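Have a look at these structures, which come just after this line.
Both complexes shown next keep chain A, but they swap its partner, so chain B is in the first and chain C is in the second.
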Partner chain A sequence: MISKRMYPWLDERLGLSGIYKTVLDRMVPKVNWWFTLGSATLFLFALQVVTGIMLSAYYVPSPDKAYDSIQYIMNGVAFGWLIRGIHHWGATLMVITVFLHMLRVFFYAAYKYPREITWTTGVFLLLATLGMGFTGYLLPWDQKAYWATTVGTSIAGTVPGIGEFILRALRGGSDLSGVTLARFFSAHIWMFPAIIIALIGVHIYLVIRIGISSVPKEND
Partner chain B sequence: MNDLQKAQYKEKYLRAKRNGEKFFPDSLYRDMLVMFAIFLLLVGLAAFVGVAAEPKADPSDTAYIPRPEWYFLFLFEMLKFFPGSLEWVGTTVIPVAAVFALLLLPFYDKNPARHWKKRKFAIGFMSVVVAAMVFLTIRAVVTTPAQENAGAVATTLPAQISAGQDIYSVQCAECHGAEGEGGVIKGVKGLEGYKMKAINSQDEMYTRMDDTLYNIVEYGQPDLGMPPFGKAFGGELSRSDIDNLVTFMRYTWDNRVEVPKGAAQTNAIPALGPNDIPSYDVNIAPIVKRYCVSCHRPGKENNNYYMGSYSDLMNSGDHKPNIVAGDLNSNLIRMLHGEKIEAGGAMPPTKALSPDLISIFERWVKAGAPEKPAK
Partner chain C sequence: MARSPNLSRRGFIMSVMTFAGSIMGIVVGLPVIGFLISPALNVTKSDAWVPVGKLDSYPVGVPTPFSFTRTKVNGWEKTVNSISVFVLRDATDKVRVFSSVCTHLGCRVTFHKDSNEFICPCHDAHFNKDGGVVSGPPPRPLDQYESKVENGALLIHVIQS
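Now for the complex of A and B:
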């Protein structure tokens, strides 16, 4: 078999068995189904990335065309409704799994020694996920999007002292416009995903390095 | 935690690991099952629930009730407890404090215990916070009023053309004619006797792009006597409405566009076989909607004869009844034939209905003017 000779050759160069040993072939405590929420979130994020990349092929981030381009995705593109549907519902589900995942960690005290930094990166991941939700909500450029973002950004404008600056920075001017759409789009497809991917890297490195926590017993 | 406690934890954790399972395949198997279930759930939601269609963003529509994404609702609702000058407490102090409380949690929670029985304060506090978030979310959903004019949004081309046709018939037909043919305007205040050019000609369609048509409808052409129709300028039409109207005009009058299959049928007035009995719902309503309702609705000069519903059609008006079941001498039929009677002159005033349409009316009146189609 060619694979029998291929594998040692590749392993010698890529260190595959080392990866297998550290990542897959390791002992973990016996835990319950609540511990699947982290990987579920990771899976949802991967789905959002894949469907989001597909949507970006047809979506046009301009006030004139955004709404129509989504109509076209829903009615004209083959399986466009499925891709957008998964992206739409995936966002909602991801917020739910992130929330439950954090609650699981909190109630099992898994944020304590030695996993403090894992928790902190997790909180940043929560904020970035909410940022994705907030920026993504505007992109369809429909009534719901427009008015929710108008209200959302004006809430940011009530911060004492720097509120006016934040408001103008978010909107790119005093009112919602094509500039707002452009920067929300940029934040949604570049800034937040870049932050999330980097943080997930640290998060998972720590989970593998330290190991998942166990369900606390009475004497813990 | 001191060094002793750390060492104790590490030892316990090692034991838990030794008595545990392999990440691959044991744990990963459970993870994969959950992922697969999530994937099925998402496909199901996309296929059977879908994404609700909303009208296009319309900055002029200030009556729209804003709704944030559901997972921000609790924040939105919380703000209601900090009115006026206290608003910044709800918008700044509490969210910032909450973020820092979460970020620094492992550093100020010095309790080394992990079982919930030894962490009653932490567990209790978080439970109250979660309960409050759930409560605020539910309260927000319950107290937010329903959206006004939350009608169906036309998302497919046939639906948009059909919605545009309805808008055209109500808003435009009075002056521009039921088919855009123009003619001498009758019965419109201020424009009586004005000769309107046709807007359905190829000259018009070839030289005016969609954007131009959109702007003409939204802003009007006040110098020529056309009022603005966009909400931003005091009219009745939202952006989606005007988009649909322009789509209707383009797909109906421009001979360069190819009307997709299915779209052509949505506007057609239903055909009537020689032995069929016409009914209001199926046959009369579409004709009335296209040729009559533009003037025969509240706020227009029409002797209070409204034609928007079956009961209005039968029972309203200063000269009622205008329709008498079985009687071909009733006002409506005589006026459709162009007779000038006490109730008024020929109807529609600018251009008579085609003989087939009039005959549908006659057959309907003869059959007793039924509302619902016969089984």
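Now for the complex of A and C:
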């Protein structure tokens, strides 16, 4: 096989086996299935990125076309129902796995020294994931999306003093409009994914550098 | 337990993972490809006889332009295509209808009365009054529409794909 001869050549230059050893062959304590939730979330995020990029080939973020473009994805494009379905259910599942992952870390007290920064990046990852859900929900631009966002942004508007300002910043004006749709789309496909990718980088780096905690024992 | 010299536990897991991974790759990959190329596969043809005015309104011997629009559903929107043709009526009332689409790369030709030629502005193609290539890059004469006359009205057969 070519790879038999290619591999040492590439390895010498790229240090592949070094990466493999640190990333995949690292030592882990004996743990249980709850410890797989972070990886499950990572997998779901990758799935969301792939299916989201696919959807963006047909989706149009404009008030007069958003709804029609999604109807076209569902009825006119081969496997459109599948790609959108995966993105839809993947989004819901991802929120669930992020939450369960956080609960596992909390109940095993895995946020303590020296893992405080891993926990902090995790908190922001949770918020950013919720941000993805909130901004993505408006994109179909149907009744449910419209009113959900009306309500959601109104809730932000109840903050004392600066509420009015937050509301206008979220909506891009005092009403829900095409401006809102455009900025939610931008947040959904650029801002939040960029934040999430950067945070995942730090998060995983720390997991590998520090190693994962073991299941607490009776005297811990 | 006897050790198999052929298949280690690690080797077995590797093959199973490779196999399962390939299956997953195909199951996900094929729909993704289908999804992306889908509009290229859905070809819908439509055809119609479109009226382009009274035959008598066209002068004899001079290619005369006529434009109209056709709407077509493209994905999530209606696209309005404007189609323009040149009608050439001869002394015996025989009619030829040329498409204004240059047969080179699709720009629109115009008829120039001074030189009696169709000229394409994009790469300077010249076609004579009968649609034949005089000079320039086009590989074939101007395309023609099938036409017929009913009660004095001229109709052309427009096929859209």
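We adopt the following convention: the second predicted complex is superposed on the first by the 218 of 220 C-alpha atoms of A that agree within 3 Å, B and C clash if a C-alpha of one lies under 4 Å from a C-alpha of the other, contacts with A are read in each partner's own complex, and residues count from 1 in each chain.
Assume a residue touches a chain if its C-beta (ideal position, glycine included) is under 8 Å from a C-beta of that chain, and two chains touch if they have at least 3 such contacts.
Everything numeric here is computed off the predicted structure, so don't read it as measured data.
In the superposition on chain A, A:26 contacts chain B only, with no contact to chain C. Between chain B and chain C, B touches the greater number of residues of chain A. When both complexes are overlaid on chain A, the residue A:57 reaches chain C alone and has no touch with chain B. Contacts of A:116 after superposition: chain B is touched, whereas chain C is not reached. Of the two partner chains, chain B is the only one that A:152 touches; chain C does not reach it. Look at A:74: by the touch rule set out above, it reaches chain B but stays clear of chain C. Of the two partner chains placed around the shared chain by superposition, chain B and chain C are both touched by A:82.
Contacts of A:65 after superposition: chain C is touched, whereas chain B is not reached.
Of the two partner chains, neither chain B nor chain C is touched by A:178. When both complexes are overlaid on chain A, the residue A:131 reaches neither chain B nor chain C.
Shared interface residues of chain A, touching chain B in one complex and chain C in the other, are 71, 82. Touching chain A in their complex are the following residues of chain B: 1, 6, 9, 12-13, 16-24, 27-28, 30-31, 33-35, 38-39, 41-43, 45-47, 49-51, 53-59, 61, 64-72, 76, 79, 87-88, 91-92, 99, 102-103, 105-107, 109, 112-117, 119, 122-123, 126, 130, 155-157. The touching residues of chain A, when paired with chain B in their complex, are 23-31, 33, 35-36, 39-40, 43-44, 47, 63, 67, 71, 74-75, 81-82, 84-86, 88-90, 92-93, 95, 99, 103, 106-109, 111-116, 119-120, 123-124, 126-127, 130, 133-134, 137, 140-148, 150-152, 155-156, 158-160, 163, 175-176, 211-214, 216-220. For chain C in complex with chain A, the touching residues are 28, 31-32, 34-36, 38-39, 41-42, 75-77. The part of chain A that touches chain C in the complex is made up of residues 50, 54, 57-58, 60, 65, 68-69, 71-72, 76-80, 82-83.
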